[in-house]
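These notes open a run of structures that come right after.
Each of the next two complexes has subunit A plus one other chain: subunit B in the first, subunit C in the second.
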Partner chain A sequence: MLKSEIIFAAVANGLLVGGVYALIALGLTLVYGVLHIINFAHGATLTAAMYAVLICHQAIGLDPYIAVAALAPLFFGLGYFVQRFVIGPASHGDDSNILLVTLGLSIIIENALLAGFRSDTRSIDVPYGFSVVEVGPLLLSLPKLIAFVASFAVAAVLGALLLKTDTGKAIRAVAKEKTGAALMGINVDHIYAVTFGIGAACLAIAACLLMPTYLVNPRSGNAFVLVAFTIVVLGGMGSIGGALAGGLIIGVVESLSGLFLGESLGQIGIFLIFILVLLLRPTGLSGART
Partner chain B sequence: MTVTRRRVLGGTAATTALLAMPGLVRAQAPTLKIGILQPVTGALAQDGEYGRLGATIAIDEINAAGGIKSMGGARLQMVFGDARSNPEGGTSEVERMQSEGVAAIVGGFASPICLAASQAASRYDIPYIVDVGVSDQIVKRGLKNTFRLGPGFGTVTAAALDNLVKINDAAGKPAKTVVIVHEDGLFGSGMAKLMNAELPKRGFEILETIAHPTPSRDMSNVALRIKSLNPDLVIPSSYYGEFVLLARTLQQQKIRPKGIYAVLNGAASNFRFVKEFGDAANLVMDCNHWADPRKPKTAAVRAAAEKDGRFWLYNTPLNYSCVRLLADAIERAGSADRLKVTEALANSTFSDHIMPYGPTKFVDGQNTGAAPVNTQVQSGDIKVIFPAEFADAKPIFPAT
Partner chain C sequence: MNQVSWTAILGVAAALAAMPIVMTSNVALNFVTFAGIITIAAQGWNILAGYGGQFSFGHAAFFGTGAYAMALLQVRFGVNAWVALPIAIGLGGLVGGLVGLLSFRARLRGSYFALVTLAFAEVFRILANAWTFTGGAAGVLVPLQVGTANMQFADKRMLYWFVLLFVVGGLCLTHMVSRSRFGAQLVAVRENEDAARALGVDTLAVKLKAIVLSAAITATAGSLYAQKFLYLDATIAYGPWISVDALLAPIVGGIGTVFGPLLGAVVLLGFGEVTKTILGNLTGGAIPGIDLVLYGVLLILTVAYAPRGILGLLQGRSSARHGGNP
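Take a look at the complex of A and B:
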């Protein structure tokens, strides 16, 4: 049997990683909540954002944490543009078309990255990449701790935005009843695009938080998105609180199953949960029973 | 497309130029195509690049010295193929090299690529020289075209185990318990299986065998397990990226076993690792391919390799030596005929390589004199600690 301090360390590590998982799931769940579609381009967008961080670092030596200031607005703009002028018009008002368009986008983005960067796995090296913070007996990785705190800060900002601002209220109105919202004078197309932009911006922030410790290749976003799908299902589709709780749970489950079953089987726990949730509580932790 | 007078004239001029070309080529020394197969994209891209570097240095050197003299000073021309880090990539490039008419193929790097590519080459009787691929299966399939200059898995691991016992005994047997960390592919799993069979016979207790996939993005769990087991010795069998991640995570978590003893590790005798992460690399031991520091030509090849800010990896001297071995065989065959080159390789006694092997002698395609070397990272340098005949440092063990 493992010593308790080892298990504590694995749980702490899982919680830290779970914070970033939650941030990635947040974009996915928000888009689902408002547009009622699964964005299949989510993983490819994350990969693109990770390459953007890589380029910023290699070309002009920009620190990933500083790159947030440039990349979050950039990806918001890109997300807005893509929804407003590509996905929206191409869907002709039918949700199942949106699904196909995002799937097509993901294939285009992934292969463009493959053509541009080839299939090599790359990473960036920052001086604080392996710094640690000692908390009692635990040695916490500094970049992961920063990512954890930043993810929750982003979630808090996003929550405040949805609750307090006019745009936030409009997003919630469109999520609940888009015809009604349109009748009240809300520009539904604009709100759709804003939501998509916020989702992309979340990914850009997640990419900046991930790159100091992770690696990137043209398919690396997919690994995160499979996890994010599980979190969204676990937390309840469209729920921000559910995404946060789900992210943390999945992070811990992945870490513990990696510890006990070995790194090769580490992901098995996540997908076990995925199946169990679908079987026993398909609406998720915070979803209402209908 | 409309046909204009200008287009017709232009086309005629181009055709005339093309027809005139063979005369120009014939005026120069004849060329001889040799295939260099390396994975330069995908997970093994770094190894492939350093293999290509070694082959390039050898070809440039041979051509500068007058090419293949028995063939009228024929110049070697590299036909490069990217194996894309997988066996399918390797075989498709062999097919392309066949269509380009290469005399022989050198390279492959990873065992799965070497296995598939040498078999594909055997269908056309193309001589195939394996540069690194250590799987013993490579030379045990009865393929007449396949040769390996370097040592195979069995030879390397036997030497690694013997040397480990010697190092441990000399230090007063401080190491008793072992944790094995391996990548879950053909190479790492094979190594782990062998270690599990052999280490207990030599008095070591294996506390646990931990597998991880390639690529891995986090080694925290592996490090935590090692921390909880607290072994005297960690034996890793992983490729470059994962071992670097593990060594840095161990350093981060302040886990310091008495020794890290790698066997055929992708990073432990790699100057890139030593230069970039000196603290994490310090005192890591490895049993691996290594150029013979006693041979004067080694320094020249190393200088050529390091000229453009590159690092000194074993891939470079191995590929350099393999291309030189091939050139020697073609020289003696006096022909690019594949069967004659194969026969010349089989009878080779080539000794002008820069590996610590002595004269070449192939038995069923395996060079019987091939042997690995033990190295240790000591204060920013990679020192040879075994065999004693040309060791330039004593092992520092236990490390803590």
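Take a look at the complex of A and C:
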């Protein structure tokens, strides 16, 4: 039997990781809530953002936490452009076409990264990479703690944005009833693209928060995105609160199943939850929508 | 129409069977054999998604099951390859039925169905990678025992013709399905599932039949792959590459058509090889992944400009999208 301190530490670590998972899931769930499609390029976009952080650090020595200021707007722009001028026109408004186009984008991004950077796993070296903070009996990794706090701060900002600003209101209007919103003078294509841009910006922020402690290779986004799919399905598609709660739950489940089942089988726990939730409660634990 | 298609299938089969007369190099034969295997995997996907409208992103689950069953039956249980092949195909169909039963009963459609199939393929990949029975990360090696009795042909042309047999079988099967009552019900489910149910179609049964057939065909491709290369690991058998190839070929060739998967597989793999060779010569070394970048671009271009694939372009834009069969 494992000592309770070890389990306690695993839970704490899982919660910290879950914070970043929640941020990644947030972008996915927002896009789903508004466009009603699953963005299969989400993982590849995250990988691209992680490489962008890597390049910033290696080329001009930019600290990941400072790079956020440049990368978040850059990825917002990229996301906006891709939705407005690639996904939107190419899919002719058909749902299965959007699925295929985002799948195509993920294949392109992932393999372009493979062609450019080869399959080597890379990381960046920051002085605070291994710093720890003592909280009671626990030793918490400082970058992971920062990532946890920052993820929830971003979620709060995003929530305020959706509630208070005109753009936020337009996004919510389009999510509820796009024809009605269009009749009220809202440019639906623009709002779709803005939503997609926000999703990509969330990924850029997540990448900056992840890089101090994680490694990157052209496929590393995939591991995160399946986790993010699970969180989104678990929390209820389109629900921000659900994504936050789901992220924390999944972080803890992954950490514990890794502890009990070992590294290679650890991920199974997540997939089983994913399949079970999809089969038993596809509307998520909150059951908000059908 | 009916007569035309049977004649066309016969003509294509004869032309493909004559290929080894022109192509004598091992490289060319390997290429067409591999293209044949991908075609079969794609024919499986085409039944479920092209005719039934259920977009699976995880046909690797069926391909890998066929491949592992074929290899493990021989290696672990000493079963003869000719006996192992039908068992492997059956097991693939069984896995398809299970996945279908679970997901269709839960009424998963569209994005949800794509996601759950993707997740099933990943679960299989992780399990196969961890389990010692499947050889774990080291994979499984089928011993080389050349002889027709072991389905290991000394003549590379024989393997090609053997694979071609299944490709032509897939063409005939697809044609028969598209002409049958079951095929009509399947198309009804694709076009409007609720309307089909209202008209008395047992949509669950139709979708289940389609996924079992689809999975069995794709598992055949996996079994043939195992027998051609005599080596498997989890990333080959259950990796996302085959899920992508199986869906890309019919979409590029012409989704929901008899010849789409074959045409798409040949065009895609041909393009991939040519690009890799040209770019490799230009830059003085192979660039990994460059052929897949091209696949992704082709997928988006097809969806955007040629929703009925190459066949649709060849036939002109006169008939409606998702129109009849060639």
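The rule we apply is simple: the second predicted complex is superposed on the first by the 288 of 290 C-alpha atoms of A that agree within 3 Å, B and C clash if a C-alpha of one lies under 4 Å from a C-alpha of the other, contacts with A are read in each partner's own complex, and residues count from 1 in each chain.
Everything below uses one rule, namely that contacts are C-beta pairs under 8 Å (C-beta built on N, C-alpha and C of every residue); 3 or more make two chains touch, one makes a residue touch a chain.
None of the values given here were measured: they were computed from a predicted structure.
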Partners on subunit A (subunit B, subunit C) - clash or fit: fit
First (subunit B), second (subunit C), both or neither touched by A:Ser119: both
Contacts of A:Ala153 with subunit B and subunit C, given as first, second, both or neither: neither
First (subunit B), second (subunit C), both or neither touched by A:Val233: second
Partner chain(s) touched by A:Leu272 [first = subunit B, second = subunit C, both, neither]: second
First, second, both or neither for A:Ser91, with subunit B first and subunit C second: second
After the two structures are overlaid on chain A, angle v-u-w for subunit B, subunit A, subunit C in degrees (C-alpha centres, nearest 10): 70
Contacts of A:Val132 with subunit B and subunit C, given as first, second, both or neither: first
Contacts of A:Ser141 with subunit B and subunit C, given as first, second, both or neither: first
Which partner, subunit B or subunit C, touches more subunit A residues: C
Touching partner for A:Leu215 - first (subunit B), second (subunit C), both, neither: first
Smallest separation in angstrom, by C-alpha atoms, between subunit B and subunit C in the superposition: 6
Subunit A positions touched by subunit B in one structure and by subunit C in the second: 118-119, 264
Subunit A-touching residues of subunit C, taken from the complex the two chains share: 53, 55, 57, 102-103, 106-108, 110-112, 114-116, 118-120, 122-123, 126-127, 129-130, 240, 244, 247, 251, 287-290, 292-293, 295-297, 299-300, 303-304, 307
List of subunit A residues in touch with subunit C within their complex: 37-38, 40, 86, 89-92, 95-97, 99-101, 103-108, 110-115, 118-119, 218, 222, 226, 229, 233, 264-265, 267-268, 271-272, 274-275, 278-280, 282
Subunit A - residues contacting subunit B, complex: 2-3, 6, 9-10, 13, 17, 118-121, 123, 125, 130-132, 139, 141, 213-215, 217, 220, 223, 255, 258-259, 262-264, 266
Contacting residues of subunit B [partner subunit A, same complex]: 41-43, 45, 84-85, 184, 210-213, 215-222, 224-225, 227-228, 241, 248-249, 251-254, 276
